[in-house]
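Next, two complexes with subunit A in common: one pairs it with subunit B, the other with subunit C.
Entry: the complex of A and B
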């Protein structure tokens, strides 16, 4: 269909147009030989892939390593020396969350009961992972690097309520480490 | 009863006239009744939860009515309740095969309202990711469409290359889908070390792989029978129906927004617009297949010419301060608090920004009332508009050709229902 037939005068891209190649009509005279040869060509292409070896891996025995920036299940952190929690219960992460799935209830630290390094700490810190969209905004929002996105991606469970992760669960070391790629691998 | 009586179809089949003397036609009796078939919503050939009510006369389609809304998410309404930066990850989830495009349309509209300049490096990084996303979307389309035509190996091949692209996305943004990599004013992080090398490897492999797909499909007799000459629609009708993208280009109209109204530095890249001649299913296939090569060309140029500089606007009223500043600068901390809790305010006004998505013109309309949340966000999704051409394309063809046409239409239901 030529441009001239169009009801509106469309903008013209000039030289920057290529017409795609049409294939021969099916059922034409040389159809039989062509069908035969093209099938052979297709088979050649598929058989040539055999020597390339498989690209699939045997999950779950073998796991796909993730890149350093991968955003998996969240982790809360402590200071290494003092063991105090980094989170001060400021709720910035909850404010940034587009899925509204973080719940923080802050409480005051007292000299007898010191949980975090700041004035306050998170008495309740829950993430509802069944609502989380793994956007990582909580990690971006936290000014104290208290919450980061970990590397675990195996999150299925039998019960929805088990997907509400509490502070203890988020602070704990993951049972199994997800393999990690080097940055330039 | 039907406008198809006695009409000769594209395949050279003449339909029996539905008259009293139908007996003369011998076996035609069993075909003279119209039959209504419910196709979908859960059917692998509908490419999502699309329901088609098909009226059949024998094996020939008389009318198709698409019923949509099964994955309606109310994302546009949700966006009105969130500050601008929080809209991005939500909005990305509409058309789940072109998430970078969704984010790009929204960010561009917001940037226009803010009259914000996007740094050059960010523009180039956006182009790289947009074109990777285009290839990825076309690969999913090609794999699943070939599956509909009965070719399974293509499906594995396409998903193998798609995997390489998703790895690149994971590397640069941390997520394979719905990356929220684009932010208002630029991209959230610069590309990591090693990204360029890995991308170049991919760019070297991809054209050879696309050649292999062509070897298997281009002149395969089954593909020719199923695609060539089936369900064409003229450029006039496509334009009248508002169809855009590869479907329109397959009918010979060289309409590509990357060339017509260049955005994000597209005017600096040298690439061609593949167009078809007949506007049939074969051209629809060939145009998308040719676009894969063009996208590779664009990415190569963007990577070669990638300018140095910031990856996001340095305007602290809009973009978050760099993390290392949070510990040292009180001012940065205040900006950070303000941006995370309230977000930035956008001057009152309206903006409509169209971009070329893998499926056609994807546009975002944003109206701001001056607050930090958009008053209205609307997406013009190409799948939604293109779907209305389906009925005109398939009327009078076999039901098997309708399957091929739905595949070549490349609808993404997440985008249609929003």
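Entry: the complex of A and C
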């Protein structure tokens, strides 16, 4: 009766009984098999691989090739003929970004200072790569294919603020370092 | 005429029974049943619907053809379908037609993301385009004016902008040129579209055809936040939403409040925000050091100011203006009276408090919304377009839509003359005498001979005009609203004359009569100070305590007003001038007298946002003043509506709250308002005073202190004021108004100079001078060359360098309105010979 008046939040062991069931103890022969024969069986695989030679990739001297659709750090593009930036600073990528890591400040092209093909261009275009989740939504949102996901994945740095990539950094040709997986790989 | 009564009917829309006022347009009535009918051209604010776009087609049972929901009034028992197959087919068709010539350049269009055309195309369009033909092309973008860019390719010819120009602001500048699919919006012969209200078409345009040049490409709807507050750049106190990105105001939009602004803004309010962010703004405390002003830490400036005040005990005076809030006014008045034993306090508008008190009776007070439903409106001695532009739009609305009879009696030609039934001129400065003469004429021959004799001559009005005016008023119907410039109250006895006019015309109506639809009374427009009424009611008035309570003073001369103050300073009786957002050389006060007052060598302490000549030459201590976007507090509309200012951006630089500065000075002079972190530990208070931690909630406490101290505001709290404001005449405190004095104000002592009774043009203001977009209007209005902007001196500064702070200041050619003759056609010469 006294227990029933306890506040509900107080746990009481009640009538639950924890029962542990064990398998029957193995006999001597079974123990021997497990200790030696089974171990040898496992080692067979190990030794078989030894003759195949090492498979370690010597990163960073050597890199794993990525698939063509791998989503690495972004790139902004220019038109090949005119050299104008494709990005018009419309901010649609910023709207699409679920991590809210793109900042676009647009400005107007003038005849003396023409940056992009449209009326406006991105005066400031920044991606905070320490926040980016590499989902690729920005690429999908862009009406001008101005931003695409590149292949670079080596993005570590000593300072968070260095991970805010500016327009110039994103427009620059990356030092082509990330190998692409070949068709048959 | 009074407000029209409404009758409820019920109708069916998409299977729902909905109650709606009879004759409401279907497009509006549908919303009452949570049904949306898409519209482009329909905008009730523009008056009668025109049915130009056909987007709102609906099916009504019993009518064979589809009907436009925007121009079909609902009737009892109507059965409406908005999603039937026929309607959908029509909607798809209309969207397709609208997009026929539309460039769909959303990525570069400023409207993108907040565009009704985008929304309706997604919501009601068919989703595919079938045309392969070329679209029509125009040069784009073109400057319709230095403030507005027009992109004619995007225009869907809904006529909203043209209707605004023709039927709301009535400047008749925008027209549709050409015919059929060649039509485009233009001004006659492509003059720049310049008017006091041009910016409203940007907000009206349902597509990106009309965009704001100062806001061009600044931000997208998802980059910004909206912050509601109240524009305090003129007495009309329009409700606004500020568009904020990264703590910068980038745009001002109307926040529709039918009781205040009807959803319109003037161009000063719409574009003046740029002055909040220019380099010229004072953002640090300054003190005079060896002849020049030097930036110093707050502590030093406060210490210096407190020292100056201390030494000028009993000989200090204060003037308030600009966007000073009630709280600041209240605290300043107490600082002057209680800590410094000085009674000399006034506003730049210099409204005589006694006269204001006589006219403050709630029964006599007309509200802004009364103007449009009155029978007759008399505009007496003020130029609304320049002094409270949005109220002019209300007058025009009444005249155009409700047949209000308009009478204008002003010294100069008025913009309202064109729509007035009668326009009467008086001499410059003769408004007060005109009121007296008019009261005499209304009271009959006897009075005209007696107390009012000679007033007509002094007013410079012809007897015929005066008779016509009196006759028009007498036959002007039951509900007359008199909008008067408070400048005329400077003539003693004018207040009494206004009361006489009100009595003769029976303009008194108590609360119940007003609720039943009477729309009459008086509405005073203060001279240039947005919150003049609130400051006066908060006790910032010579010889008056908060809530129109006369102070018991031994000698009536002990409380000098703004005019006596100038004389007192010049004569050495007063030795310190405290300016709260006020520049006595740039307002309606007599300039010579104030020049002499400032030259007298009195110490000047000022809250200012720009270094004007007064500040540069005379200020000893300058505190950086808040802009209205940074301010928290309350203000009072000329019709008695308390409105709330809410901070939209953080204070720029080292700017601190005005009320805080006054409270801090008072503390140093041993007067504690109990606002400065009194609930905090001494350590926290020290941090607070050093600006290291925020001031807690004391801005709200300052407002609470004010509302508790002004008896006529009793029963009003910040919650009630909310976003739409609240008139004190309609709350419990109205009964606390002390019985008004009957005798008119004493004549001002001889020798004080008469003020020059002229208004200042709307754009002759620092907000226009320092806003790059408005400088051409400032130059026109003031005839002065605006002070150079530092950022402009770096020509063609690339936007990247300035990053976001390029903001408004990117190099922009200033197109000054002018007439360009492109082609002179001889008589009979056709445009094109075919």
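Keep in mind that, in the parts below, the second predicted complex is superposed on the first by the 150 of 185 C-alpha atoms of A that agree within 3 Å, B and C clash if a C-alpha of one lies under 4 Å from a C-alpha of the other, contacts with A are read in each partner's own complex, and residues count from 1 in each chain.
Keep this in mind: a contact is a pair of C-beta atoms (placed from the backbone, for glycine too) under 8 Å apart; a residue touches a chain by one contact, two chains touch by 3 or more.
It should be emphasised that the depicted structure is a prediction, and the values quoted were computed from it without experimental measurement.
J.: Looking at the overlay, does A:124 come into contact with subunit B only (first), subunit C only (second), both, or neither?
T.: second
J.: In the superposed arrangement, which partner chain does A:31 touch: subunit B (first), subunit C (second), both, or neither?
T.: Only subunit B; A:31 stays clear of subunit C.
J.: First (subunit B), second (subunit C), both or neither: which does A:95 touch?
T.: both
J.: So, A:143: does it touch subunit B (first), subunit C (second), both, or neither?
T.: Both subunit B and subunit C are touched by A:143.
J.: Classify the contacts of A:107 with the two partner chains as first (subunit B alone), second (subunit C alone), both, or neither.
T.: second
J.: Touch test for A:45: subunit B only (first), subunit C only (second), both, or neither?
T.: first
J.: Show which residues of subunit A both subunit B and subunit C reach, each in its own complex.
T.: 92, 95, 143
J.: Which subunit C residues qualify as touching subunit A in the complex?
T.: So the residues of subunit C touching subunit A come out as 105-108, 112-113, 140-141, 216-220, 222-223, 796, 798-800, 803-804, 806, 810.
J.: Which residues of subunit A touch subunit C once you look at their complex with the stated criterion?
T.: Against subunit C, the touching part of subunit A is residues 88-92, 94-95, 104-108, 112-113, 118-120, 123-124, 143-144.
J.: Which part of subunit A faces subunit B closely enough to touch in the complex?
T.: 1-3, 5-8, 10-13, 16-27, 31, 34-35, 38-39, 41-42, 44-46, 49, 55, 66-71, 92, 95-96, 98, 133-137, 140-141, 143, 149, 182-185
J.: Residues of subunit B touching subunit A in their complex?
T.: Contact set of subunit B toward subunit A: 82, 85-87, 89-90, 93, 153, 157, 160, 163, 167, 170-175, 178, 180, 188-189, 192-194, 197-198, 212, 215-216, 218-221, 223-225, 228-229, 234-236, 239-240, 251-256, 259-260, 271-279, 282-283, 286-287, 289-290, 320, 326, 333, 336-337, 340-341.
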